[in-house]
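The same subunit A turns up in both complexes below, where it pairs with subunit B and then with subunit C.
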Partner chain A sequence: MNILLDSIEKVVGSQNVLRGEDVRSRTADWMTKEPCLAGAIVRPANTEQLSEVMALCYEANQAVVTHGGLTGLVRGGMASSDELVISLERMTQIESIDCVSGTMTVQAGAPLQSVQEAADQAEMQFNLDLGARGSCTIGGNIATNAGGIRVIRYGMMRDLVLGVEAVLADGTVVNSMNTMLKNNAGYDLKQLFIGSEGTLGIVTRAVLKLHPQLTATNTALVACEDFNSLTGLLQHARKSLGGELCAFEVMWSSYYSLLTTESNRHTPPISSDAPYYVLIESLGAEQKESHERFEKAIESAFEKGLLIDAVLASSDHQREKLWAIREDVEGLAHLLAPRFAFDISLPILEMDKYVRKLQSAVSQRWKNAKVIVFGHLGDGNLHVSVATGDASDETREAVESLVYEPLKLMGGSVSAEHGIGLKKRKYLNLSRTPAEIALMQTLKIALDPRGLLNRNKVLPDILA
Partner chain B sequence: MNILLDSIEKVVGSQNVLRGEDVRSRTADWMTKEPCLAGAIVRPANTEQLSEVMALCYEANQAVVTHGGLTGLVRGGMASSDELVISLERMTQIESIDCVSGTMTVQAGAPLQSVQEAADQAEMQFNLDLGARGSCTIGGNIATNAGGIRVIRYGMMRDLVLGVEAVLADGTVVNSMNTMLKNNAGYDLKQLFIGSEGTLGIVTRAVLKLHPQLTATNTALVACEDFNSLTGLLQHARKSLGGELCAFEVMWSSYYSLLTTESNRHTPPISSDAPYYVLIESLGAEQKESHERFEKAIESAFEKGLLIDAVLASSDHQREKLWAIREDVEGLAHLLAPRFAFDISLPILEMDKYVRKLQSAVSQRWKNAKVIVFGHLGDGNLHVSVATGDASDETREAVESLVYEPLKLMGGSVSAEHGIGLKKRKYLNLSRTPAEIALMQTLKIALDPRGLLNRNKVLPDILA
Partner chain C sequence: MKLIVSVKRVIDYNIKVRVKADNTGVDLANVKMALNPFCEIAVEEAIRLKEAGVASEVVVVSIGPTAVQEQLRTALALGADRAIHVETDELPEPLNVAKLLAKVIEAEQPGLVILGKQSIDSDNNQVGQMLAALAGRPQGTFASEVKVEGGKVLVTREVDGGLRTLSLDLPAIVTTDLRLNEPRYAKLPDIMKAKRKPLDVKTPADLGVELKQHITQLKVETPAQREAGIKVDSVDALIDKLKNEAKVI
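== the complex of A and B ==
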């Protein structure tokens, strides 16, 4: 590797090839803070440098792992001593904004938050939003097809990207920086690089889709007395709020009680004896009109019997307090530790049965175990925490089976928004058919025949 | 081919293998009505039959062309006597609708209109809409990533498809019938089949995304005095209508005058001496509220000087009359015949300059030639007609050069929504880089190594 690193230094400069303690002192995973074990970390300044670096790696058969913000939670950033890490931390530029077409051109290392802020300054909005906004990068968001809290209105990252530039395993630069909503000239190549977790190419730049800035936010926390009311309320909100519904976040009572009355972490804004709670938010153009519409939607839901209790936020402070309950993932982790956390998706109509069965299977096996559920109901996405009081690998595997295996029959997914990485690789076959996995392998072999990019991630081993 | 056809008859039944006059009496192209020249037309009843048919074709090295509604306009349905046509006309079933998740599962041969109607009956909405709705099929819409008149609000077909089932060249069935908004378990394989015009696989079934039914429609025709006002109006409409803007269709004065005062085909609802006209439409949940919002948006645009004249439709009849001007493509074809028609996209800010340069280049070359422009401005998509009085191949090539070549520099596209097919194949390199085209060819070779699917369509010839 040293001869290769010397050549790479000539491309990126010696200060941009980190070795030894400079590598070990960094982490490979935001959650676990494990040290980075890679042979070196290479920090190209631009696409041209990365292209040269990859051409050298290709020639030397050198495997690489790409690092963004490392917040993916599926161990996608893990690297071993015979791998090089490519970090895009020096490629953070916001190159241009076009408010008329609604586009922003950025380098892949730009943190999500800086992109959001640049859009705000231009009186536009970039509508990917998630807790890790300060750390995660646009390149990572693209590679993992990030989701977050506005998917019900604006879609996943895939829906917010118009163009991509990527460097292939052999150093070829594929410039597919489309800026138009409509472009049907040949295959839509950017789709290959979105959500393939860096296994088909390294995303270096992107054209993002911006929306007009909307500031009229209305938020309510409501309680529902059964699952039918919950799905009825979702349909009612979608329809009566027109295009303005932007969050429909459900907390099962186990979550809501734990974070409010049981732990005293939050004062319950409405009583905690209902089976389901929903945080509903709309985002519109004009506050007075948007508020009236929102209030009317909540009132008519009440009249239809779709909810039994509700509180509307009357200030930003109240709004933040409502969201604080839903977003208190730290509290959840603290109260349940040790716990196993899951990010799954399944057809909405199957959710209630699925959660009940899981709760019963878990409590049959571990008497005092807890199953805590919340999620983006409108997106079909649940976040499930299981705490059995034990964090052993054996228990983890047993819990994983209970959570993942029922998904297969109902066409659910073992990963809604975090991807597969290393962590869920062995469960991929529960969500995808053998023909699908074979086709993924065909793509991997076609684009990265030497298997250099994020080796062993996402796909099962390819049999020769 | 006859031995192969005998084997195929055993799979689909002899009445579903058309030969001779039964083939010749059908067309291969909705626009030109040219007869179908294929060796035979095969009509499988379901995915399993198609899989067996393709396995037989693969073994026999038999090239096939897939037929949907044949309304693509780029000659994608053309087949020669040594090719078989696969028609999905017997696979038209709407399999299921889930109103809570907002999904519909259909076979690929289902006509768009029947899908729209099935959604309506379930009090939902399927939001792809285009003139050919009665003839075009869902499979064709997917294969060509169809656009249409609601893209500004709901996106292209790609944005309305959650899952796809496809048969590969060797007969393998790839079932990727995801039903959830979020699913990051491995590569998103459906993207391969969307917009690749049947060259990578034959789409057999799909899961479509439905939206809540909205019925409050408001429509206006307005006039703008310059291009800056036009783009300002677009931003104003996007913002002030919140999420409700669903059409922003621009007509250059040349189009508006031709279809109204010059031809007397339509009474001009507002005077015809402005340089630009826009048909603006919003779609909301509740008529009174939505109407007030719409009216206010138009009024404030007037106050801001973004428009100089406007008429609001006060009835469905008036609305239809406004749309009739915009949608009178027959009138346009009739008045300009012979003409060359183009479907291009480019950055919105470049449009005015592009059109002026084109007009000047065309009139320099052909003294009395006409350049008529309208399009989906918000999507970056223009439909350009050029009439020089002459329909020779030589003139066609000269006009094509004038229309397409300037797009290269500004990152525009030679095909916004109709695809490449046979017709635009030689211009693909104006919109895509050599590295992109090479990567498309890599995909083609990986998925269809024998080159059996829609041979010679989309991509330039692959050099061995």
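== the complex of A and C ==
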């Protein structure tokens, strides 16, 4: 590896090849805070440098792991001592913004928040948003097809990317920087790199889709009496808000009371004895009109009995405090440690039954275990945390099978938005058919024949 | 005891303001507006005094165009009993506000008037003090704690390096500081009820006040943009820049 690193130094400069303590002092996983074990960290400044680096790695059969903001939740950034980390931390430029076409061209290492802020400056809006916005990067968002809190209105990352530039395992630069909404000339190659978690290529630049800036936000936290009201409320909100609905985030009572009354981390805006809580947000163009529509929608839901209590944020500060309850993943991790966290999707109508069954199965096996659930109900996506009091591999496997097995029957997915990474590899077959997995493997072999990119992640081992 | 709280409609404090191109003011077109945070604290304190049985009625007052009724409704939803809207075309300057409020007080005879110490848009911090002078009542400004006991109001004020507690004879004027309390959220059933609570509209003429302009705003500017930093390649270059360009050594 040392000879290779010397040649790489000539491409990126010696200060951009980190070794030894400089590598170990970085963490590889946001959740566990484990040190990075990679042989070295390479920090190219642009696509050309990365292309040269990859050509050298290809020649030397050197496996690499790509790093963005390291906020992933499936251990996709883990690297062993015989792997190199390619970090895009120097590739953070926002190259151009076109307000007429509604596009922004950026380098893949740009943090999501800086992209959102650049769009704001131009009086436009980039509509991917998630709790990790300050650290996660556009490249990581693309590689994992990130979701977040506005999917119900604007879709996942895939819906917000028009073009991609990627470097393949052998250093080839694939420039697919399409800027048009419509382009049906042949295969849509960018899709190969969106959601493939860095296993088919390294995303270096992207053309993102922007929307006009909307500033009229209205936010409410509501309590529902039963699951039917919850789904009724979702339908009601979609219809009565006329397309302005942009978040419908559900917290099961276990989540809400844990983070408010039980831990005192947040003052509960409404009492914590209801079974379900929903954070509803609308986003519109006109402050007054949008506010009136929102208030009317919530009032009529109350009159129809779809909700039993609600508070409306009367300022942006109150809005932030309501969101802070929903986004307090750190609090959740701290209060439940050790816990196993899952990100599943399933048909909305099956959710309540699924959660009840899981709760009873878990408590039968571990008496004092906790099952804490919240999620993007409108997207069919639940985040489930199970804390049994220990973190052994044996318990992990037992919990995983309780969480994942029932999904297969109902056509759910073991990963709604976090991806597969290392963590869920062996459960891929619960959500994908053998033919699908075989086709994925064909693609992998075609694009990365030497298996250098994010080795051993996402796909099961290829049988020779 | 009756309480009067005055509130102001201001730009939401989390919103990044934009100065109009001609520098005549801040662009308010389609911008999110809210209760001035200090006024929100004043409303909360009044409601708490009512909940504690100290006050029997909370009357909320705002001065300005029709749109301020939105904030009056918010205050009613939070728990105020009725509202008075003094309708003016624009937001009058502090002395005029104080004169209008003095007239309202003369008519309503409250035991205690609670105001925010200042509004976050004009940052004047004048109305409470002017009102105390015009109404001839004692004032306790920047309150971080308010207690009503035996015909007096005890006001704890945050001063540099400590706390200072005053006892004021009622009726009195109190202005609120940020740490007095944490305002509640407006609950849906209360928002619905608030729509039916009484809201009287009065004009300055009804109150016998003639609005006189003493202050003219000349211009509003954004802070000067800070220049981006540069990287130097050696200590010598750094010393040279500090000495000859920044002139700090």
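Keep this in mind: the second predicted complex is superposed on the first by the 464 of 464 C-alpha atoms of A that agree within 3 Å, B and C clash if a C-alpha of one lies under 4 Å from a C-alpha of the other, contacts with A are read in each partner's own complex, and residues count from 1 in each chain.
Convention: a contact is a pair of C-beta atoms (placed from the backbone, for glycine too) under 8 Å apart; a residue touches a chain by one contact, two chains touch by 3 or more.
This one's a predicted model, so the numbers in the text were calculated from it and none came from an experiment.
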*Kindly classify A:T204 by the partners it touches after superposition: subunit B alone (first), subunit C alone (second), both, or neither?*
neither
*Check the residue A:A313 against both partner chains and state whether it touches subunit B (first), subunit C (second), both, or neither.*
second
*Based on the superposed arrangement, let me know which partner A:Q49 touches: subunit B (first), subunit C (second), both, or neither?*
neither
*Mind working out whether A:L349 is in touch with subunit B, subunit C, both or neither, as first, second, both or neither?*
first
_Just checking: does A:N141 make contact with subunit B only, subunit C only, both, or neither of them? Give me first, second, both or neither._
neither
*Spot which of subunit B and subunit C makes contact with more residues of subunit A, would you?*
B
*First (subunit B), second (subunit C), both or neither touched by A:E299*: second
*For A:T388, select first, second, both or neither according to whether it touches subunit B, subunit C, the two together, or no partner.*
neither
*subunit B and subunit C footprints on subunit A, overlapping residues*: 285-286
*Sites on subunit C touched by subunit A in the complex*: 12-15, 30-35, 37, 40, 74, 182, 185-189, 191-192
*asked:* For a test of understanding, state which residues of subunit A touch subunit C in their complex under the given definition.
replied: 215-217, 220-222, 267, 269-270, 285-287, 295, 298-299, 302, 307, 309-318, 320
*Across the complex, what residues on subunit B touch subunit A?*
98-102, 144-145, 147, 151-153, 155-156, 158-159, 168, 172-189, 191-192, 194-196, 200, 211-214, 231, 234-235, 238-244, 284-286, 289-290, 293, 345-349, 376, 378-381, 411-420, 424, 428, 431-433, 435-440, 442-443, 445-447, 458-459
